[in-house]
Amino acid sequence: MDFISTHFLSLILFFPALAAVFMLFLPGGENKLFRWFALGASLIPFLLSVSIWFQFKSSAPGFQFQEQYEWYEALGSTLHLGVDGLSLTMVLLTTLLTPLAILASFNITEKVKAYMMLFLFLETGMLGVFMSLDLLVFFVFWEVGLIPMYFLINQWGSANRNYASMKFLIYTMGGSLGLLLAIQLLGVLFGTYDLVALTQHWTSLQPDSTLLGMSVSQVKAIAFWAFAIAFAIKVPIWPFHTWLPDAHTEAPTAGSMILAGVLLKLGAYGFLRLILPLYPVEARYFAGALALLATAAIVFGALSSFAQTDFKRLVAYSSVNHMGFVVLGIAAAGLASGTPDATIALNGAILQMFNHGLSAAGMFFLVGVIYERTHTRNLEEYGGLFTLVPVYGGILIFTSMSSLGLPGLNGFISEFLVVRGSWPLLTAYTVVSMLGLFFTGAYILKALKKVLHGPLNERWAHGEHKLTEINAREILVMAPLMLLMLWIGVYPAWILDVINKAVMMLF
Amino acid sequence: MTVDQIIFLVIAAGTLIAAFRVVTTGNLIHAAFWLIAALFGVAAIFAILHASFLAVVQVVVYIGAISMLFIFAVMLTRKDMRDQGPQLNRNWGFGAFLAALAFAGLVFLVHGWSGVAKTASAFPSDFDAVGALGNALVSPDAYVLPFEVASVLLVAALIGAVYVAYNRK
Amino acid sequence: MSTETIIWLIPLPPALAFFLIVLFTNRNKALSHTIAIGAALLSWLGSMIVFARALGVERLGERPFTSSINWLATGDTWFKIGVLVDPLTALTLFFVAWTVLMIFIYSVGYHNFGQPEGDHDHKGLPPHGATVEEHGSKHVVPSVEPMYSRFFAFIGLFAFGMFTLVVSDNLLTLFVGWEIMGLCSYLLIGFWYGKKSARDAAVKAFMTTRIGDVFMLLGIAYLYSVTGALSFREIFTETTLHTLQIIPSGVLGFSTAGLIGLLLFIGTVGKSAQFPLHVWLPDAMEGPTPVSAMIHAATMVSAGVYTVIRMFPLLSLDTQTMSVIAFIGAFTALFAATIALAQNDIKRVLAYSTISQLGFMIAALGIGAYIAAVFHLITHAFFKALLFLGSGSVIHGMEHGVFHTGKHEVDPQDMFNMGGLKNKMPITFWTFLIGGFALSGFPIVTAGFWSKDEILADAFAHNLPVFLTLAVAAFLTAFYTMRQITLTFLGEPRTEEARHAHETPWTMTIPLIILSVFAIGFGWIGIPEHFPLLGGLVPNWLHEFVGGTLAEHPEAVEFSWTPLLTSLVVALGGLGLGYLFYRNVNSPAEDKLQLGFLKNKYYVDEIYNAVFVKPAIWFADKVVYQIMDKGFIDGILHLFGPGTQGIGDGIRNYFDLPFINRFLGDGSANVTYFSGEKLRVIQTGRIQQYLMLALILFLAIGAILYFFVFSV
Amino acid sequence: MVPLSWYLIFSAALFSIGLFGVLSRRNLIAILLGIELMLNSVNVNLAAFWRYGDVTNITGQVFAVIVFAVAAAEVSVGLALVISVYRKRNTVIADEIDMLKF
């Protein structure tokens, strides 16, 4: 047991990958075995992360459960893992969503083994980003997360998957390019990639000295933008968002769940973990621009979503809208780091990341459920399904309301905190973003109206296309999500306390 | 002009004539015999040079063995090689020119060499050239290794010749 | 149990009922409504206990019941949520608990519990009736609602929202309850989602109120960031209020308090259906008639007014804001009253009258008549609930007639199809009459008179234009109410259906009777002290009780005959004229007030549609999605593809192919080939020629070495 | 006394004659004959340099002996090849054995 208690993070991190490798040696064709094995393998990290959630001392400063191993001595890079309140929240989200996504993909029948393996690798990639305290390792995991997702979209996606997966890959790779360069710049300058050490070195640089023939402020500005663009693409911040609807729409259901639930958070996490601590000055300087883009994402995301006729695309655009609030919170925090307003905004932004993980994953899953039964995503072809599938309808309404930000459910808390935090700092942007909040309601209601209400499309009522009710497995996927949505909505203190303390210590 | 010189000139002229006949005569059998004549001339030259062992070997190996081989070979391949057709190829003129050029070059080199006017030193009284040669060939300090290699070469050539010429019918 | 614990528990039973019904009992109708009504009863009980205990506390306004817990971590501090019962809350709890309980009971009858399943009923559509065989003859009777259980779940959630809103001690949880009600109203209006009108109305209601909500959320955020608190007790301290008053907001000369107040007030405008966001309320009548409509009209909309009353200390800091409120209220009161004149649908008349009456309250608040507003809020809740339930009863009775004749095209809600129902449905008639008179402000006996009179008196004392507007509105109110009563109940039945209308079951009439008691009696708690004859007989308890909510005790206005006479004249005059006008009117054609612009509600819907809705949809689809995202951003992205390909092609066509391939690649091959081609002639295969060449080379090299290298 | 240059010139003449034979004769055996002449001229040179150098240094003679051995080997293999070629292609004309032609 000693081993487990001293290696929590590496166990969580590498268990899925090891399980995936092990899966390679399982006999082929045993689809059922693969499914249950993958589910089991993803549940173990979840249980471990729940266990560290309870062991975590939210009041203690710095990173906890730290582990450090030699990795690439010549470059001064080590495999340094550790979590604080911010990353722990994300780790919990990831380990929660992965088993659910795997459970959601039990209906996959093609190439099950490869599919499940990719999912497990994906989990390791995502967890690695959240856990690593070494920039080089961070980057490695950042890219590791990309590849399985590419294949998931490309192999198990729907009609336009080639275009979407290529767009996704190239777009994100394009962003990573700058990220890698910026990381190299830091590494070359300081001879270490360790985040903790870097933060100290970096912020203590004299602004009038020169680095590589440029002034420090120039170097910092360049590195800032390299980081910012990479993360902005991942978040995605308007106008870098157009890969998202394509990728989400074409990805398999579980892929969209993870994509919206976790992968988007990588970008926001990058902002919080790297940009704000490393570039406080630049973040303040560019906060206005960031807020403008965030507002654009909120408003235009909502409007675009409203204009969709494809259910999944509508949900995909809603991610742009929701992540806009995260960015708005980050912008506010960048503008006035350390003030109570900024703290509130950041609390909201981080909680919004978690909440969006829940609600977006839920929404995509529900879209998947209906798509699997009807083989259409066109809103015009649904109608009146509430009568046929009341349970599904109820769940859909519940999840939509969470996404809409109905008070009493999780989305409201975080949106309110963001609005509250950014109001005194970025008043005008906050006001304009309210327009987006309004249209959030509009598109959610549009979707509900087209899917559940409306005249019953008789096609689904009888005969071969008869719509079947959501089944037990699918309810099992939704149940934890809905429980958390309600729980956070009614009593957010349990998670917000951890986030808050982390934010207080970080900034 | 001393007797030595006259003898040398006679032998050399004979040898050269014989050699010339070797390369020009149409009949290969005759050429082979002319070769024997030329080889005798060379053996005589060896004798003049006091290389008695070489002279003996020249007679025994060349004339006794190699020339015989030639004659046998000529006879074995003689069927359509009687006297018909030219014995020289189309480029014989150019060949002759080159040979002449080579000769001219060699003469030029010899002519320009300072040591060309050397005279032969007197034999040391107790010097036994044949014995010294024999010692040198088998002495570990001297040439036993090249000697052995040469013998291996001969064996290899022997086996190779047998193999190549063996009629596998 | 301590009072605080009870207060915490009040909202919970309906929420529990909601989850229980949704998760477990939705297949069992009897169990579902038992749970729901049981929950409502528990909440009612809790409210009554709290109310009773509140009455027993001296100077409750200064020492309210409070309790709070940590909820949100915000930096160093916690955002707390909690409950608060002060006089305003206690009174509101009282009427909310009563009306909610009545609605729950009434719904059982309204949704035809105990009736057979319908022949062709579908979920999402109103029941069409069932054929039964009785005594050898077939006839159609009302059929039970197919989604009976779901309805109770929804109103359970609704009750939860309302109770949460009322007992909250802070704006945030108030907002939570507010939005939950918004969701419920969406769900209930769209309850019969099979009907297009219901669907559209649901979305419209949600979106219209959301406009207000969004502003309200801003107001909350603003207030929170300025004061660092959202709890009423913390905001309404003198220093905080003073700070809010003196800091300018920088917008149009409003003080911070003024701007916050205005933002919050916009929320109320949405929720309480004030002009210009009133459009959703009439359409909301598409909900299951009239129960959900009554929820929207009598209970939920009062939440808006309740909030304004709650925030009154803040709002009253800025006179500009107060003027806006007064103007909107007065304008709405008159505006809605004129539209109500020309409506033929029994529920729509009530809907517009609700808007109008809410306008009264808002106007009263705008002129500072805080207690009058509270008074009218309570009396209105009772009599409007009564009226809606009564109209529901009428419609239900009419549906009975429709089932009897089998002519489904007859609209059971059109008042011109009714007439003479007085004898068919006596209980409904008398209770409706009480409600109608209370609405009109029939002097002395009805509660509506006292509250409305107080508003007029305050308006007269503070603001003459508002007084005049409200007076006209009050006259119109009496007039259209009497029109409604006359057309519905008096005269002769105008249709076969009306002739066969039937009194409704006891589950529906009992609530009517209980509510009518309140509609009369509740006025007596607030008789002004100086009222002629009656003044002082009963102490003006309301004024004392509610007045204690505020820090400074408001002065009662001086008694004046002018407003009293005015209210007498407008009430009696309106009622009288209404009866005279419509006594003999039998069809819409004979109705002289069926004016186009009134009938079409001043074309507000059409204008909104043309100015906001369509451009928004167009903008979202065409500009943002098609042009910006698909065209511009993706266009640029797609340029990367061809761009990269172009560069690639360029490099290939102008560098790789000519230079690398043809020149270097093919070129060297060609040179080799060519030279090989030329040189191969020397590969004669003739050994002597090789030898010659070698010799030539040897000689040449030898010569060169000799002459040029070794000679040096 | 015969001067060294005479031997050298004799040897060069013999070599050139052999060379001519090698370059110009059509018959393979005749070419081999030419080669023998050339080898002999080399031997003459070796012996002459021995005689006119330090006679106690027997190296020149040793070389000549080895040349004998090599010549014997060469002739035996060469003639074997000629016979073999003759068997296969029924010719001993050098020009006709041109399989390595382009």
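Order of writing sets the labels: A, B, C and D. Residues in every chain begin at 1.
Note that in this section contacts are C-beta pairs under 8 Å (C-beta built on N, C-alpha and C of every residue); 3 or more make two chains touch, one makes a residue touch a chain.
Because the structure is predicted, anything quoted here is derived from the model rather than measured.
For chain pairs C-D and A-C, the one joined by more C-beta pairs in contact is A-C. One inter-chain figure worth recording: subunit C and subunit D are separated by 120 Å, centre to centre, where each centre is the mean of the chain's CA atoms.
Centre to centre, using the average C-alpha position, subunit A and subunit C are separated by 32 Å.
Subunit A and subunit B, compared by their mean Cα positions, are separated by 95 Å. Averaged C-alpha coordinates give centres for subunit A and subunit D that are 90 Å from one another.
Multi-chain contact residues of subunit D, defined as those touching 2 or more other chains: 19, 23-24, 94-95. Among the residues of subunit C, those touching two or more other chains are numbered 688, 692, 695. Touching two or more other chains at once is no residue of subunit A.
Viewed as a network of touching protein chains, the structure does not reduce to a path, ring, star or complete graph. By the touch criterion stated above, subunit A contacts subunit C in their complex at residues 167, 171, 239, 241-242, 245, 300, 303-304, 306-308, 340-341, 343-344, 347, 384, 386-387, 390, 394, 397, 401, 406-408, 412-413, 416-417, 419-420, 423-424, 430-431, 434-435, 437-439, 441-442, 445-446, 449, 452-456, 491-493, 496-497, 499-501, 503-504. Against subunit D, the residues of subunit C that register as touching in their complex are 680-681, 683-688, 691-692, 695. Considering their complex, residues 22, 26, 70-76, 78, 122-124, 150, 172, 175-180, 182-183, 186-187, 190, 193-194, 196, 199, 202-203, 206-207, 210-211, 214-215, 217-218, 220-222, 224-226, 228, 616-617, 619-622, 624-626, 628-629, 633-634, 637 of subunit C touch subunit A. For subunit D in complex with subunit C, the touching residues are 19, 22-24, 31, 94-95, 97-102.
Interface residues of subunit C facing subunit B in the complex, by the touch rule stated above, are 688-689, 692, 695-696, 699, 702-703, 706.
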